[in-house]
Each structure stands twice: as structure tokens, then as C-alpha cells.
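First the structure, which I've put down as C-alpha cells, then a few questions once you've had a look.
Each chain carries a letter (A, B, C and D) given by its place in the written order, and its residues are counted from 1.
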Amino acid sequence: MSVPALLALNAAEITEFLNEVFPGAMDAMVIEDVQPNAARVRMLYAPNRLRPGGTISGPSLMALADTAMWVALLGMIGRVPLSVTSHLDIDFLRKPAPADVIGHARLLKLGKRLAVGDVLMYSDTEDVPCARSSVTYAIPRNMAG
Amino acid sequence: MSVPALLALNAAEITEFLNEVFPGAMDAMVIEDVQPNAARVRMLYAPNRLRPGGTISGPSLMALADTAMWVALLGMIGRVPLSVTSHLDIDFLRKPAPADVIGHARLLKLGKRLAVGDVLMYSDTEDVPCARSSVTYAIPRNMAG
Amino acid sequence: MSVPALLALNAAEITEFLNEVFPGAMDAMVIEDVQPNAARVRMLYAPNRLRPGGTISGPSLMALADTAMWVALLGMIGRVPLSVTSHLDIDFLRKPAPADVIGHARLLKLGKRLAVGDVLMYSDTEDVPCARSSVTYAIPRNMAG
Amino acid sequence: MSVPALLALNAAEITEFLNEVFPGAMDAMVIEDVQPNAARVRMLYAPNRLRPGGTISGPSLMALADTAMWVALLGMIGRVPLSVTSHLDIDFLRKPAPADVIGHARLLKLGKRLAVGDVLMYSDTEDVPCARSSVTYAIPRNMAG
């Protein structure tokens, strides 16, 4: 990719930044890994995420997708608070178990104005994805490479 | 449309049903209108929906889109608890104000297995949409017309 | 909307412009109407658009969605050749008849950098939509309001 | 995955089948590889795929995404002619060069009624993707595992 291979921020720095600009955002999210153009984020299980049938709610999975992509993006562009999601789509593939869900995000494009990536989500106990998501972030001018 | 023009359920009946199968789902949602292949749902403002900058969070808007489509669908097919969202996409168009958001859902296809529709969302105080969403529901066999 | 209500270009001017910058693009497309933030485009039936079963091919419907949105956008921003589609999604709702297909585009957001809208498509002989599409265009800097 | 690991059809058999049910579909497409839940398809360069600026047209990339997913699906479920695309979305990431484009499809879910996967597309001469697509296929009843 034509993006710098070095990370602008590591997992601890991203967690600190997100808690700063968006208090509460990371209460149930743990950044497990950040690599160039990639991130892995764990959403901790909590009973209030359940839908009837014992499955994790759709909006919770969307929040995980959104967060995992944001983490991958911040790893590349650093402390840029103003990026906003402009598009998100999600395919619900299987009912996730009542357990943690892990989101694996990869950044496919990091442009001057838009960043695009996708996220596969897995229940902690399963090896097939429960959901797939694509996310587009709009990056404020003069802030990204 | 090749679907019955009569409603299977009205707004009060859908609210009752959703509270029954999905306790808490309607705590912040008010069904304002149900018509054949259409529904209007209001998401009540609450400070915990805010993102930094005073805007309503993305997952809250996705929950509204999902709920508004589900209401439109239940109006047509009645008390079918097992329908599940299979796909949702959302375009965030403008920052919504810190206020109620109203979702206008229309059902574009009601097939035997899939229902597809879209939702425009407006801040209570604005006349341009803050978000656009498309939603696909998978309907259990033998339950829909 | 916070966009100018006057059209920058009318249907004839847009057709001329598209033929100029994209020879052949309008061979099978007729712009039937352009309004502020809206356009109606007819895709003429041709046997080579057919898929087995006598239905119009998916890529043809995607081309119609893309064109109809571009027309609606050009009506607002004028002769800007460099806009490019950044995202397109499409739900195939019903098999379209072997006939012309009409796309009704509406522009939901016209920002400085992104334009977002959706398109409903109808077979000429039917009153329910055969497809629904959302399209995002990236607008070159300094060219849009 | 809970799907059979053996292929129902290999590349040559899928090509033969597609030419049979959809004459012309494979004129510009070459199936390079089929694996369980995956396929690689090459779209041959032809000048009529160009858009102004010398880039491959959007509808051509969409056709490649659709075909690559169909190939991956047929590899798993065999000679089922009636599957239809129900949803496709595509992110255009970079202008593809005027060259062959290769689509890498992976099947993320193969259910009884829906198959969902995604496709990354690369210009033959480049190592970053030019487009990302997600595709849902509706499978006729009684035909898939």
C-alpha cells in the first residue's frame, strides 16, 4: 500500500485517545492488536446486548464494526478526532453466541478524504464469522496522507 | 403491490408484540404511524445516544432503521417473531441534532422469504434527512404471503 | 435543501455533456426529466441486456442506477467531468420484464465532497420497483457548493 | 465451515455450465481457480470496458464481482441454474489500470436460502485492490445444503 508502514499510534495510545474524545466508547471494547492497516477489537459480552433467542443484537455488532475500523484508521493517521463514518453496511451471517465477539478490521484504502475497509466478526467460541461489515470513514481535510 | 392492503397489526398491537418478544426494545421508540408497506417511528432523545460533538451515535440510528423496518414488516405479516435482519446499510448524511429522530420506513418488496425496504431518518427539528438506510429481513418459511 | 433550487444544466445540456466526456454512455439511455435534486432516466431495452429467463441483467440495472444519479448530480453542479462513483449498492427486488427500465433518482445529500442519493427502478410495464440502489459520488475539490 | 469440503464442480465444469445456461457470460471471463468457498476469476481487458480517463467502467467491475461470487457458489452447490443475485454492493477504491482485472471471491456463508460472500478486485499489474464488493445470492429451495 502507498501508506506508511509505521503505526502512528499503538493499541494503548488509541484506547487513551478514544476514552478522551469519546468517554465511554471503550467501556466494553478491548483493542487486542493494531497492525499497519489492520486491527483486532474484542467486544465484551454483556447481557444487555442480547436479543430474544440469546443472540447479540444487531446494533451491538454494528458498533463493533465501526469501532474496529476506527481503531485501524487511527493506527495509521494518529490523533484525528473528527473522522466520521459516512457509510456502513453489515451482513448478518449467523446468530452469534452469547459471548464476546471479536472484530478483525482491515483498511483497504486510505485516501486523502476517504478511508474504506471491512470487518469480519467472530464469536469467541466459533471459527466461522457471524457478521461481515464494510465501513467508509470521511477524513477531515489536511489531516491524512 | 401484490400484498394485502389491509394491515395485519396496527401500531398499538405491534408495540405490544415487540414489548412481549423483545423486552426493552421499545423503551425509547414510539410507533407514530403504520400504513400498508410503511411505518413512521420516533426515537426519543436521550443523552446517552450522543457522540462527541453533540450528535446522535451511529448505532442508535442503525437501531432506529432496523426497528422502523421491522414495524413496517409486522404491520403486513403479523405476529411473526422469528424474522431476522440479514443485511443493513446506512449512509450518514448530516450530523443529527441532539433531538428525537424520526424514521420513515417503506417496504419495497415483501416476498415469501425476503422483505426489503428503506428508511429515511430526520431530526425532529430539520426537514432534510440525516441518514438513509436499506434493510433486508429474512422471513421464516411458511409465515409470509 | 440547502442547495440552489435552480438547475445548473437541463436534460438536453446534460445529454450533450455526457456524450462529450463519455462517448457512448447515453446510447441506450434517455434523460426524461431533470428537477432540482432529482432525475428520471430511461434505459432502452436491447436483447443483449437479457439474462437467461428473459430478465434484464444485473450490471445493466447497476449502469442505469449509476447514470440516473450522475444525471441528478450534474443537474445541480454543472459541467464537472471528474466526479466518480465511490460506492454503489443495489437490491434486486423482482425480475424485470424484457422492456425499458426507468430509474428515478433523488439526491439526498449534496456536500462539498460527497453526493449521496438513491434510485428506484421500474420496468416500463410495471408499477412496483424491480430494483433499489444507493449511490455515492465523490466530487473533486473546489467544484461543488 | 459446516459446508462440504469437496467441490461439486471444478473450473472447467463451471465454465461449461455457465456457457450453457448463460451464453456469452464467460466470453471475457476466465476462471483461474476454484477452491472450497473461494474462486479467482480474471476479466479480460477490452477497450469497450473503458471509462473516460482510461479506467475500467464501474458496471464491468460489478459484473466481475457478480461472476466471481457465482463461480465460488457453483463450486459448492453444483449445477443449480436458478440462483439469483439479491444484493450487491461495491466500493470503488482506486482507478483500475486499462488491463485485466482479477476478482478473488470468498464465500462467507452458504445457507439453505442465502449465500453471502465478498470479492476483492485487483488490476493485473497492481498489488492493492481497486474495488471491494459484497454479494448475496438467493438459492432456490431444495437445492442447497
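The rule we apply is simple: a contact is a pair of C-beta atoms (placed from the backbone, for glycine too) under 8 Å apart; a residue touches a chain by one contact, two chains touch by 3 or more.
Computed from a predicted model, the values in this text were never measured in an experiment.
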Based on CA centres, what chain would you say lies at the far end from chain D?
B
Between B-D and A-D, the pair joined by more C-beta contacts
A-D
Between chain A and chain D, what's the gap in Å when you average each chain's C-alpha atoms?
27
Between chain A and chain B, what distance separates the C-alpha centroids? Give it in angstrom.
24
Between chain B and chain D, what distance separates the C-alpha centroids? Give it in angstrom.
32
I need the residues of chain A touching at least two other chains; which ones are they?
86-87, 89, 91, 136
State the interface residues of chain B toward chain A in the complex, per the touch definition above.
21-22, 51-52, 58-60, 62-63, 66, 81, 84-92, 95
Would you tell me which residues of chain B are touching chain D in their complex?
86-87, 89, 113-114, 136, 138
Given the complex with chain D, which residues does chain A contribute to the contact?
1-2, 89, 91, 93-94, 108-109, 116, 118, 120, 128-129, 132, 134, 136
